[in-house]
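In what follows, a single structure is set out as structure tokens and then discussed.
Chain naming follows the written order as A, B and C, and within any one chain the residues start at number 1.
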Amino acid sequence: MSMLDLSGITAGYGPFTALWDVSLRVAEGEAVAVVGPNGAGKTTLLRVISGLIAPRSGRIAFGGAELAGHPAHDIVAHGIAHVPEGRRLFPGLTVADNLKMGAFLPAARARYRESLERVYTLFPVLAERQKQRAGSMSGGEQQMLAIGRALMSQPKIILLDEPSLGLAPVMVLRVFDLIRRVREEGYTILVVEQNVRQVLKLVDRAYLLEVGRIKMEGRAAELAEQDFVRKAYMGV
Amino acid sequence: MEPIFLVEAAINGILLGGVLALLALGLNLIFGVLDIVWIAYVDLVMVCMYAIYFFHVAFGWPIWAAGLVSLVAGTLLGVGVHLLIISPILTSAPINQLLATGGLLFFLQSAATFLWTTDHKTVRLSLPSYEIAGIFLPATRIIPFAISILAVIALYFFLTRTYIGTAIRAVSQDRDAMSLMGASPQRIYIVTSAVGGLMAGLAGALLIFQYSVHPFFGGQFGPLTFMICVLGGLGNMVGAFIASFIMSEIISIGGVVISTEMGYVIAFVIFIVMMFVRPGGIMAKRE
Amino acid sequence: MSRGRLFAGALLVCLVVAPFLPMGGMQQYVLHVAIQIFIWSFIGQAWSLMGRFGLVSLGHGAFLGVGAYTTTLLWNFYSLTPWIGALLAVAASVAIAVVLGIPCFRFRVIGHYFALVTLAVGEVIRLLIIAERDWTGGSLGASLKTAGTASGLWTLQFADKRVFYYASLGMFLAGLWVWDRVDRSMARSALEAIGEDETAAASVGIHVTRFKLGITVVSAALTALGGVLYAQYISYVNPDTLSGIGVSLKIVFAVVLGGMYSLMGPLVGTALTTALSEGLRIAFGLKFLGMAETIYGLLLIISIIFLPSGIYGSIREAIRRRTAGTAGVRS
């Protein structure tokens, strides 16, 4: 049963088209990855889903609702949380305040205490550094906070944009471990990543996006086996 | 010059700084969130001052009630300006944004001239004056100062302890990210504009204690407010607060030592010099 | 000869003979309005040399005021001919431009910051004029001492408005020539590159500070000259009409309204705003003091919101769209 269903999405910036007729789906409870080289359009894809960009054509169905063209703040209310590329935390705000902002929606605000408890249990480091300014934290900690902030909105699905970007290899492993833990909590996940090897270990299914089009789709294990995927992206 | 006059000037500078801080913080709040300088900000203050004048002098309302009218007027003006002028040009080129609020400045000043003539209108309040060690401190200066400090403290708590206040700070740090939290940017802009307008209304209520209002009042305090904001770092609240007192001290002491106008000249010149020493404002870290 | 050139030539001829055409009793008034339009268009053109490259100054009143007051005061106190006075006025304006420009551009003061710094400069000049009221006349302004029998070319005072008409027309045409030269020069590409991305421009070897300073100096010098001619014509200077934020904004408005990036933009904008304020003044007269300006301000706001590329610019775009078809050709 599909929770998120994209069909025929074409989108871009000004005269430039970044995505051509992209279709994908994510079922409830699944973890799905979109992999591909730099500039393939992966970030654009997530921005279209979360409403930061309006698609030129195509449909976005989520839990029965048609979301294409809706503004970002409305889409969050439907249960889609987006952890943006580069984290986009509020650098001047504390960890606690950043998490608070994640629960801005009235429904989320009502369950604020509960969500906060959950996030602190999942990520004890954040509990320790409650009063620390987000801008002064390390890359890995910031990623943790960004994910925690997304959890505060009581999402049904979490979109992760290049979570390993800019992180040291040790931190990368840690972050993927975090995502695994989140996944184990029962959250549905759609992650976009350049680090193909790590992400294919984490997800059920994956799509390959190249130059704005879906080139391949399949179970993660199968994709990892594909020869050219191994050669091009895993340096094997 | 007798030292007592300098001390008096220094104290008067602090007292003046309080109200200037209100103006600077209001302008900065809006700039921090919307990235637009309301060139007509002090002209909104002028309109609120006229409101107080009419409600108190013409309609006979008690002064505190007229003050409340000013607060309401300011808030409504703030929201009105945002909806009618700022909202349509949010994505325009910066020069157009500057000019739109500049056009508002023109409009308000000439409308005031047309409606109420260029006569200065004064609200006379008979308030006592206190003398401490040979220095005269009139209540007309002390009360506004005290209220403005309270207002600044209230603003601080609003921005740090309340939900919407934190959201306003968040938007000023990253606009897109806040919409990913489910916050409608328009709603935050409106609240910010309302608070900015409220502060203008309050500033008007405090300024009417000491100054008479006329259509070109904005010319008196407007440029000064911009200078303070830039000196403190555009968008930087703490910087604006400190810069308010720096400028008010220069104006006050310069005014007593040379002349009122030269006090302003010196303040502006120091501002220009500071821009070269620390272009990001006094609070900016050296790059 | 192209059609455009022919048209421009014909227009020029009309302008040149205009003062000799019969106009009933209106001649003095028409000349007066025309002179104002030419002088302010010239000043607007000078401003647009900076504005079109992203150097938005809200303080050109400083150069205007320095220009006007230098010649006026030197003549009033020392009977110094305005020709030399003008040279000194330009020198003073350029000095201010350089003293402010070098640190400003060296330290990358741009955008809003630059606009507000220039605003401060304009205000400083205005306040200085008012503060030094003993010799400047303060807020009451100063009248240009009449040359009486010595009126003429040397003293730049003329009883006949038509002389001022030709002088201002000439100055305006000279301004067009300067604008055009800048438009065709290497400096233009350099400045446009700087306007888009200073760092990138610098990394390609463009001497950012030098170019910015250069165009600022030209702009300041021309504005000062505009101030000089204006003072000579009106024979009266006042800090509020010639310096400070008010006049600075007026200059910017007219140019942006007409279209900042086109040769004729400043003229179109100035002509429109002058016609508007004159028309409103005639309609409302002194009966409703301030009503004209109020409507003017309202129209400005509306035009900024609905005509972002100015009137001239919008018309040009509309024409271009119609002739280029829907191919989406970008110029």
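What we mean here is this: contacts are C-beta pairs under 8 Å (C-beta built on N, C-alpha and C of every residue); 3 or more make two chains touch, one makes a residue touch a chain.
A quick note: this is a predicted structure, and the numbers were derived from the prediction, not measured.
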Key: Chain pair that, of all pairs, has the most C-beta pairs in contact   = B-C
Request  = Could you tell me which chain's Cα centre is nearest to the average position of every protein Cα atom shown?
outcome  = B
Key: Rounded Å distance, chain A centre to chain C centre (Cα mean)   = 54
Request  = Could you grab the centroid distance between chain A and chain B? Build each centroid from C-alpha atoms only and quote it in angstrom.
outcome  = 43
Inquiry  = So the centre of each chain is just the mean of its C-alpha atoms; given that, what is the distance between chain B and chain C in Å?
reply    = 31
Query = Do you know which chain C residues sit against two or more other chains?
reply = none
Key: Residue numbers on chain B that touch chain A, as the complex places them   = 163, 166-167, 169-170, 173-174, 176-185
Inquiry  = Per the contact definition, I'd like the list of chain A residues that touch chain B in the complex.
reply    = 50, 52, 71-73, 76-77, 81-82, 84, 88-93, 97, 100-102, 104-105, 108-109, 149, 153
Note = The residues of chain B that touch chain C in their complex are 37, 85, 88-89, 92-96, 98-100, 102-115, 117, 215, 219, 222-223, 226-227, 229-230, 234, 259, 261-262, 264-265, 268-269, 271-272, 275-276, 279
Inquiry  = Could you list, by residue number, the parts of chain C that touch chain B in their complex?
reply    = 51, 56, 58, 100, 103-104, 107-109, 111-113, 115-117, 119-121, 123-124, 127-128, 130-131, 244-246, 249, 252-253, 256, 260, 288-294, 296-298, 300-301, 304-305, 308
